[in-house]
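Both of the next two complexes hold subunit A, though its partner changes from subunit B to subunit C.
The block that comes next holds the complex of A and B.
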């Protein structure tokens, strides 16, 4: 029991990071219909932006904002100047997946070329530790949990109570019908890239806030649990992704405590396989099933 | 020709053979059957490890490398076993990845499989010696034939060429048969193929397994030649090099894919060997990957069908189809 309670604490932290990253990933895919495998590398790039900001002596909060802003702007530009032109040119699904993975490689290796093969860490004030119900958190980890909760609440409010959220959900369900109903789907898609990009950047920064050091492949490695979260929740389902993040975050940290830290990602993978076998449309999805039939 | 050049050229030829085989295998999956197999490299790796372990002999306790199930099998057997293991791994991966899922799910799952396989092989040191990998794999037939190192090199080129021909024969049979036609139909319009009563999942699985077998064999030849294999040689971006080769050459066309293998993994990556090193360590490597990525993007933009595009297949009209032809006026513009 002694190792399990702190492991749940770590699990909550991991789940928070996964929730931010997973919701961004799934929203991007659901609304824009582009499977962006460069997502993890944009997270890494945002982490490097935060690294530069904190290195210049600014606070972590500013670094978070800078990372989110970078992710947002980069995602919009990527979509505007690369993905959309390819789609317009008639590149099909297979082609688009390869385009995104090409971007992933280019981005990852550009970071490697610029920053070098080394370990980096954010300059942060020495964190104090806080005990809550047998779990130990650093102040940075508490901040991560807080950021995730606020981000999830904002996404919830956006999707449920704003016109934009409604338009996004409509576009995700059926883009043609949405367009015919007078929704400016192009603008909605741009905004979806902006929002999911911001979540991506934010996730990149909080990911490296939680580790002692990061490299150019940190984000790409994190793509495994992100994909597991997205599939578990049902692709394109932000609420599913939130639930998925909680399951995978806690399960993988428990596995790390009980078996070995090397098995964190393996557990995420095993859950992914089980979901694919038992319920390929994800745990929370009605839209996805209908989409599958129509696809 | 000086000995050094002979050595270099024979080495490049073996690499070319391995890459051509691998590209044919990937083309069967991606170009013909439309499977976006981002885990392709793990099938090559599985074949390589199998062949290495089966030639190395049992691991000695406390030896410098630890692995499972070593044996001293004579020459062609480890390569055949590698093919079998590649195929079995494909059955295993396919059993959960190739189902009636949306294709994007499939691609994602494959990528994850590739990343996970690397992490397992690296962390499970007892399996295939972890991050250090296997080394000192004995060269096949080296003790039996009495050849100079150069002579042996050319012998190996011959072996590779023979196996290459066998693989070509296999992929040619598949792609030019009704089976190949069905696979292309599934790639182009799955619903229509299913509506015509084709077993879509089963046939895609078949292509996946065949590709896995070929990948395994290619890995076996590579490891028997270079005598070493470690997780560093099969990270997921390596799959991307093969994808780029298939796209550059002309996906769906065996001949085109061969040209692609000659252009991308061999000519292009060998050429950078002669570029003087500059920048910090790892800089050239990073640059190489960036250029491979850009190459893929450029080809997808300008020549998505590759250097030698897939042949547009035409079938002579039969009496039946003649009767069903639409009016001539609607056929213009094709």
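The block that comes next holds the complex of A and C.
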């Protein structure tokens, strides 16, 4: 019991980072049907942008904004000038996965060439520890939780209560029908890349705020849990990704506390497999089954 | 038509002659002989490679300025293993296939040694390994030479240092990679033999986003000190979270934690004051003094165009052993009057082992002159005397260092005799 309550607290921090990253990943896939495996590397690139901003003496809040802005702009450009031409030429899902892996390697090695094989940290004030209901957080972790809550709330408001959100959901469900109904699907897809890119950039910066030290591969190492969150929630389902992040984040920390840290990842992925056996489409998916995932 | 055939034949003959002249470990009289820097230059252990460059380049610089080896210049060529056997095996195969003037390698490290040492040995490539794996304590590989201490020796040194400080309850926080885990068995055995208890011993999965639950479990075991070898990113996350949750405990690390990337990552994460107060690292003892070290350091500091920030390796014992490894190979070639690894490998011991009437030399130039004068030599390197045992292992004492204002400062040592007594 002594370690259970703190473990839940630790799980909430992990879940917060996973939620921001997972929602961005799944939102982008849901609307565009491109499984972007360069996502983790864009996170890393955004972390390097934040590193440069804090290194120049600006606050970590500005670094967060810069990371998000970079992720957004980079994702739009990536889609416009690389992914879309491939899609127009008829490249299918598997081919697109290879293209995104190529982008991942290009990004990773470019970061290595520019910044070198070293370890980097954001220049930010050393966070203080805060005890809340038997759980221990740092001020940076509380900020991460706050950022995740605000981001999730904004995504919820966007999807539920704006025309753009409805257009995104329509495009995600059936792009052809959405286009025939007068929705400018190209613009919607651009905006989906922008929003998911912003979440990706934000996730990169909060990830390195939490781990305190990062390299050119930090984001890529985080990609598997992000994909797990997206798959668990139902690929293409932002609300599912939020739920998936909570399940994986808290379950892995509880497993570490109750069984052994060795089983941290094992338990998280066992849950993933069990859920998928019961609900192959993921916890909340309405879309995945309608998409031609195997196209 | 006849002219074309003749020209083609002549071209093929020239190509064949060219191929013959460059084969077999530097057979031609003017080709540059290659020393492979076979270590990770990228990946989690990317810090290893630059440390190796800090030893190889100054050695080659001095050798070449002394007229080279049997008419050949030497050069250092980086071969990136990425710290992963899956990458290292193709890398070693490619290196042996393409570097026709290869006379030996520095490395491999613990990351890739088990997979690549047999290949290098089969290929007759002398290797001055920097792996500490116990698997090579009683090595039968004729081309393997180890100047750096074995990991089990490292475990004894860490245990002795903690015992000297009065610690009786310790936690072992080592990465789940093969290199780090190979330190653990002897550390546990030695610390227990000294009357201590290892109260927490769990391999750490590297580069996770959080270790808070692991830290809670560790703290529940109430250790007085933490023994560690983890990569810089993991170290930064683990120790900063420990600092936030509880406050730091004294930490005794291996030589990995005394390298610049570890310092940079962890220093940023926990602060310089905490580093100075809580952290000590153990590394092979190579006092920065004496004529061999002075020659090494002068050459190192003059190698700024090839070695970034060369001063950082001045007191690095591993860079010194790489420097010594190149010198030993060069002197063995001179002694054997051959650049063929199959021939000169047998002379490695001849130029290093002590003996009556031998001329002690501390530089390649002095050794070359003595050998050419018909004398027998004992090379004493920047890292000290090199005395290989039957299994081609040579180890010595360990030093403990602290970080003061960002630089490692010697605070004490554990002698080879103490280690030998504990390991009996």
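Just so it is clear, the second predicted complex is superposed on the first by the 276 of 295 C-alpha atoms of A that agree within 3 Å, B and C clash if a C-alpha of one lies under 4 Å from a C-alpha of the other, contacts with A are read in each partner's own complex, and residues count from 1 in each chain.
The rule we apply is simple: contacts are C-beta pairs under 8 Å (C-beta built on N, C-alpha and C of every residue); 3 or more make two chains touch, one makes a residue touch a chain.
All figures in this text were calculated on a predicted structure; none of them were measured in a lab.
Once both complexes are superposed on subunit A, the partners subunit B and subunit C clash. In the superposition on chain A, A:54 makes contact with neither subunit B nor subunit C.
Contact with subunit C, but none with subunit B, is seen for A:17 once the two complexes are overlaid on the shared chain. Contacts of A:262 after superposition on the shared chain: both subunit B and subunit C are touched.
For subunit A, the partner touching the most residues, choosing from subunit B and subunit C, is B. By the document's definition of touching, of the two partners only subunit B reaches A:86; subunit C does not. In the superposition on chain A, no contact is made by A:196 with either subunit B or subunit C. Looking at the shared chain after the overlay, A:223 reaches subunit B, while subunit C stays out of its contact range. Of the two partner chains placed around the shared chain by superposition, subunit B is the only one that A:276 touches, whereas subunit C remains out of contact.
In the superposed model, A:32 makes contact with neither subunit B nor subunit C. Once the two complexes are laid over each other on the shared chain, residue contacts for A:136 go to subunit C alone; subunit B is not touched. Of 130-138, 166-174 or 256-264, the segment of subunit B whose C-alpha atoms clash with subunit C in the superposed model is 130-138. Contacts of subunit A with subunit B, set against its contacts with subunit C after fitting on chain A, overlap at residues 112, 117, 221, 260, 262, 265. Residues 29, 35, 37, 82, 86, 89, 91, 93-95, 97-99, 101-103, 105-106, 108-110, 112-113, 116-117, 220-221, 223-224, 227-228, 230-231, 235, 260, 262, 265-266, 269, 272-273, 276-277, 280, 291-292, 295 of subunit A touch subunit B in their complex.
By the touch criterion given at the top, residues 30, 34, 36, 38, 96-97, 99-105, 107-109, 111-113, 115-116, 119-120, 123, 237, 240, 243, 247, 279-283, 285-287, 289-290, 292-294, 296-297, 300-301, 304 of subunit B touch subunit A in their complex.
For subunit A in complex with subunit C, the residues that touch the partner chain are 2-3, 6-7, 10, 13-14, 17, 112, 117-119, 121, 126-127, 129, 136, 138, 207, 210-215, 217-218, 221-222, 253, 256-257, 260-262, 264-265. Note for the complex: subunit C touches subunit A at residues 41-43, 46-47, 49, 202-205, 207-214, 216-217, 220, 232-233, 235-237, 240, 244-245, 261, 264-266, 268-269, 271.
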